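In the two complexes that follow, subunit A is the common piece, with subunit B as its partner first and subunit C second.
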Partner chain A sequence: MTVPALEVTGLHRFFGGLPAVCDVSMRVPAGERRLLLGPNGAGKTTLFNLVAGDFPPSRGEIRIFGENVTRKTADQRTHLGMARTYQIITLFAKNTLLHNVVMSLMGLLRLRFNPLSDIRRQKTLWDEARATLALVGLEHLADRTVADTSYGEKRRLEIAMALAQKPKLLLLDEPLAGLSADERRDIQRLLQTIPREVTIIMIEHDMDVALAFADVITVMQRGQIVVEGNRADVVADPKTREVYLGH
Partner chain B sequence: MISTSRPQIVLGLVAIAALLAMPWLVTSDYYVNIATQIVIAAILAMSLNVLVGFGGMVSLGHASYLGVAAYLTVYLTAHAGFGPLAGALAAIAATTILAMLFGYLALRASGLGFLMITLALGQILWGIAYRWASLTGGDNGLGGAVRPHPLGVDLMNPTAFFYFALIFLAAAMWLISRFIQSGLGQSLQGARDQPRRMRALGYNVWLIQWLSFVFAGFWGAIAGMLYAYYNQFVSPQTLHLTTSAETLLMVIAGGTGTLFGPIVGAALVVILKNVVSAYITRWLMLLGIIFVTIVMFMPEGLVPGTRRLRGIVRKRRGSPTTPALPVTEERPT
Partner chain C sequence: MNFWVIQGLNGLAFGSLLFILASGFSLIFGLMRIVNLSHGAYFMLGAYVGLSAIDAGVSFWVAILIGGLAISVLGAIIERFILRRLSGQPLAQVLVTLGIAFIIADACVWIWTGDPRPVPMPRELAGAFRVQQLAFPIYRLFVIGVAFTLAATLWFLLERSRLGAMIRAGVDDLSMARAMGIRTSLLFPVVFCLGSALAGAGGVLAGPILSVYPGLDTDMLPLALVVVILGGIGSLLGAFIGSLIIGFIYSYGQALFPDLAYVILFLPMVLVLTLRPTGLFGRQAI
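Moving on to the complex of A and B:
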């Protein structure tokens, strides 16, 4: 049996007395496209934050590619091959798009601790960053500051920064949120180009887009997994309708 | 990233030429000594700027490194039988080790917590210097240090000491400007702006901030060593909160996150403190008024504020050749 990309067991997270994630267990095999569905407050982003290491779980265990990372910091998890995007865009707004991708690339290099080496002279780094921007169709905006770009371009930059790290496990938190129809189509196309060996877990509210993307769907409600299965099973399950339509 | 434009290079060259010519421009040793004080204060302010401007870590304990290095330099050379070079190197090394410890303690918190821890650590050192009279001389301070004679140059001469200090300022400027553009410097600025994102990108934010804290402490120690040789005396006042606050004032007044801002801020504070106080009794009030004026009209500090105003003036004149640069261009990451 191959080692799963992500395995969470009995995961809990309480904020005061509020259980944001409650006894969640999930196994995502390598290469799978997994979709996390659920209404607002279902605990999807909290689950992402727990997996990414933004805060520790109250209880439970997280394994990435077989390694127990429950007590590891976010940066240590990134060095195991995990990358993520944020629901609320988190970029270096005063810098150029190119510089943002350079920062992403540098996160995995020893250069990040070098106090003397001028990063402007690291030609390969800048070339690689430019190539990554080309992947998401932003090469022509490489030298523009993030603050001067549109929302959709920022979303694409978020994905570029995640892809720059050549992740084995990619967490996408609502990558299509707030985009126009054209922009959504662009991002969808972009996601289709990500190699199959990259495991993707995505949170998305748009059912049409999400269902077309996912191999397996996990539906959450009130911090718990209520339905899990392939597209047909999940759509047919009455609990899914209950979660989304309330009856 | 900080970009060095042509006017900046010209300005830098003019400043260097003016500094080199300073002893010829002013006839009195008094003014040469004031210039030396500015140089020492500028090194301290630049080191604090690494934390405040580029790291977003506001410290009220930066006098610790100035004071500890100064005390150690005086003690080791005048009372423990160390030579001037060995004493200076030992003082700088020991102060840098202290910065490692203080960084470890202070970086357990961020924001106000960080500020309060640095303040508390600084006040502990001040208390030790004030109360441990058998070692530090207490309120009377510690004296007896003699300026060294590197390569046969007598540093008792004010002009010679000015150039001696200037070498360290040049080294500080060069190495700090390199640091800002380096991988570590850029990581520090990233951690200042988006710490959560930086962690997700694989950066150990704590370690980056700690290394930068130690780097800043090292330059604070250099300033302390120079301070000890300049004054040949050190007192608890060096470690006092007012010294830390004054240094922070230099950084904020000159412009945080800029290379030249702390130097301008240091010149402003030292001149007001030494020159203006000779003519105006209420010079502290004047310092307060100037600071409030800067905060009101140039909240980003004198250096970036002047650049902004220059840009506005050019825009009004409709100069098509050199458009005003946005302030953000000077503020990396």
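Moving on to the complex of A and C:
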């Protein structure tokens, strides 16, 4: 049996006495496109944050490519091949798009802490960053400050930064949220270009895009997984209807 | 004319000392959001350690290194075993650094007694630099040179180097920096040690000008606070410009209006806090 990209077992996270994630177990094989669905407050982003290492679980275990990362920090998980985007766009707003991607590339370099190394002279780094921006169609805006770009461009930049890390496991938290129809199509096309060997777990509310994208869907409610299966099974499951329509 | 030039140079020299102290303070606050009220005590302790090293027979230059290194180690211990445990609790961190300042101050009196101690100046920098009728201590010119060199070095380190890019990333957004693979838990001690080392080495460097005495910490800390508030908390350029402004105000204020020296010194801080709370070069809180 091949090692799954992500395996969580009996995961709990309480905030105060309130369970945000409750006994979640999930196995995502390498290369799979997994969709996390659920109403607001279902615990999807909390689950992402637990997997990414933003905060530790109250109980349970997280494995990335077979390695137990439950007690590892976010940066250590990144070095294992995990990258993510955020529900609320998180970028270095005062810097240029190019600098943001350079930072993403630099985080994984062995000599990243070298105090004597002038980053402006790392030509290969800047060339690679430009190439990554070209992948998401933002090369022409490379020298623009992030604060001066549109919302859709910021979303694409976030994905570019995640891709720059050459992830094996990519967590996308509502990458289409707040985008126009044209921008959605652009992002959708962009997601389809990501190599199949990259495992993608995505939270998304746009059902048309999300269902077309996913191999397997996990539906969450009140911090728990209520339905899991392929598209047809999940859509047909009465629990899915109950989660979304309340009956 | 000579009065204005000499006071101007004195202001530049004192501002330079302030920059060496305030740059570390600003650096620590910029990344870690810790108002380190023990920074003045690090400055004084560094001076005492350097003085003891000189008494033991080492040269002034080695004493600067020893002062910086000793305070850097102390800073590492405080960061690792106290401040890290209080992560995310700014009030507790401020109070604990204040407590540490008191402990260091008392320990200094206990070890080095309450008598003021002059720190001997290196022989090669003794004497005065003369231009026509003007004479100015060579040592003070040296301190000015050190501060400008330090400013350039820190600028390169923060603005141009990979390490600086990581530190700035951590300052801008910690969680994003972590998600990019930056080990922010390593950045904190690096920055805290660097800031502490600057305070310790700065204390030794200031010794021949200010001497070392109980209360040096509480004399210098408010000045460092004024500098970073005036220049903008977390801004290296702000610390540099703020130090020079306060140095000049202090020097001319002491000479022209000795009774109002503190009013003149703190008035700019009050005005900046009222009219531009982020300081001259500060950024909005993130």
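One rule holds for everything that comes next: the second predicted complex is superposed on the first by the 246 of 247 C-alpha atoms of A that agree within 3 Å, B and C clash if a C-alpha of one lies under 4 Å from a C-alpha of the other, contacts with A are read in each partner's own complex, and residues count from 1 in each chain.
As a working rule, contacts are C-beta pairs under 8 Å (C-beta built on N, C-alpha and C of every residue); 3 or more make two chains touch, one makes a residue touch a chain.
Quick caveat, the model's predicted, so the values are computed rather than measured.
Contacts of A:165 after superposition on the shared chain: both subunit B and subunit C are touched.
Judged by the touch definition given at the top, the superposed model places A:197 against neither subunit B nor subunit C. When the two complexes are overlaid on their common chain A, residue A:145 makes contact with subunit B while staying clear of subunit C.
Once the two complexes are overlaid on the shared chain, A:208 sits clear of subunit B and of subunit C alike. Once the two complexes are overlaid on the shared chain, A:107 sits against subunit B and subunit C alike. Of the two partner chains, subunit B and subunit C are each touched by A:54.
By the touch criterion stated above, A:182 is placed in contact with neither subunit B nor subunit C. Subunit A residues 52-54, 73-75, 78-79, 83-84, 86, 90-95, 103-104, 106-109, 111-120, 161, 165 lie at the interface with subunit B in one structure and with subunit C in the other. On the subunit A side of its complex with subunit B, the touching residues are 52-54, 73-75, 78-79, 83-84, 86, 90-95, 99, 103-104, 106-109, 111-120, 145, 147, 161, 165. Across the complex, subunit A is touched by residues 156-157, 160-166, 169, 172-173, 175-186, 190, 283 of subunit C.
Of all the residues in subunit B, the ones that touch subunit A in their complex are 1, 175, 178-179, 181-187, 190, 193-194, 196-205, 207-208, 211, 215, 328, 331-333.
Those residues of subunit A lying in contact with subunit C across their complex are 52-54, 73-76, 78-79, 83-84, 86, 90-95, 102-104, 106-109, 111-120, 122, 161, 165.
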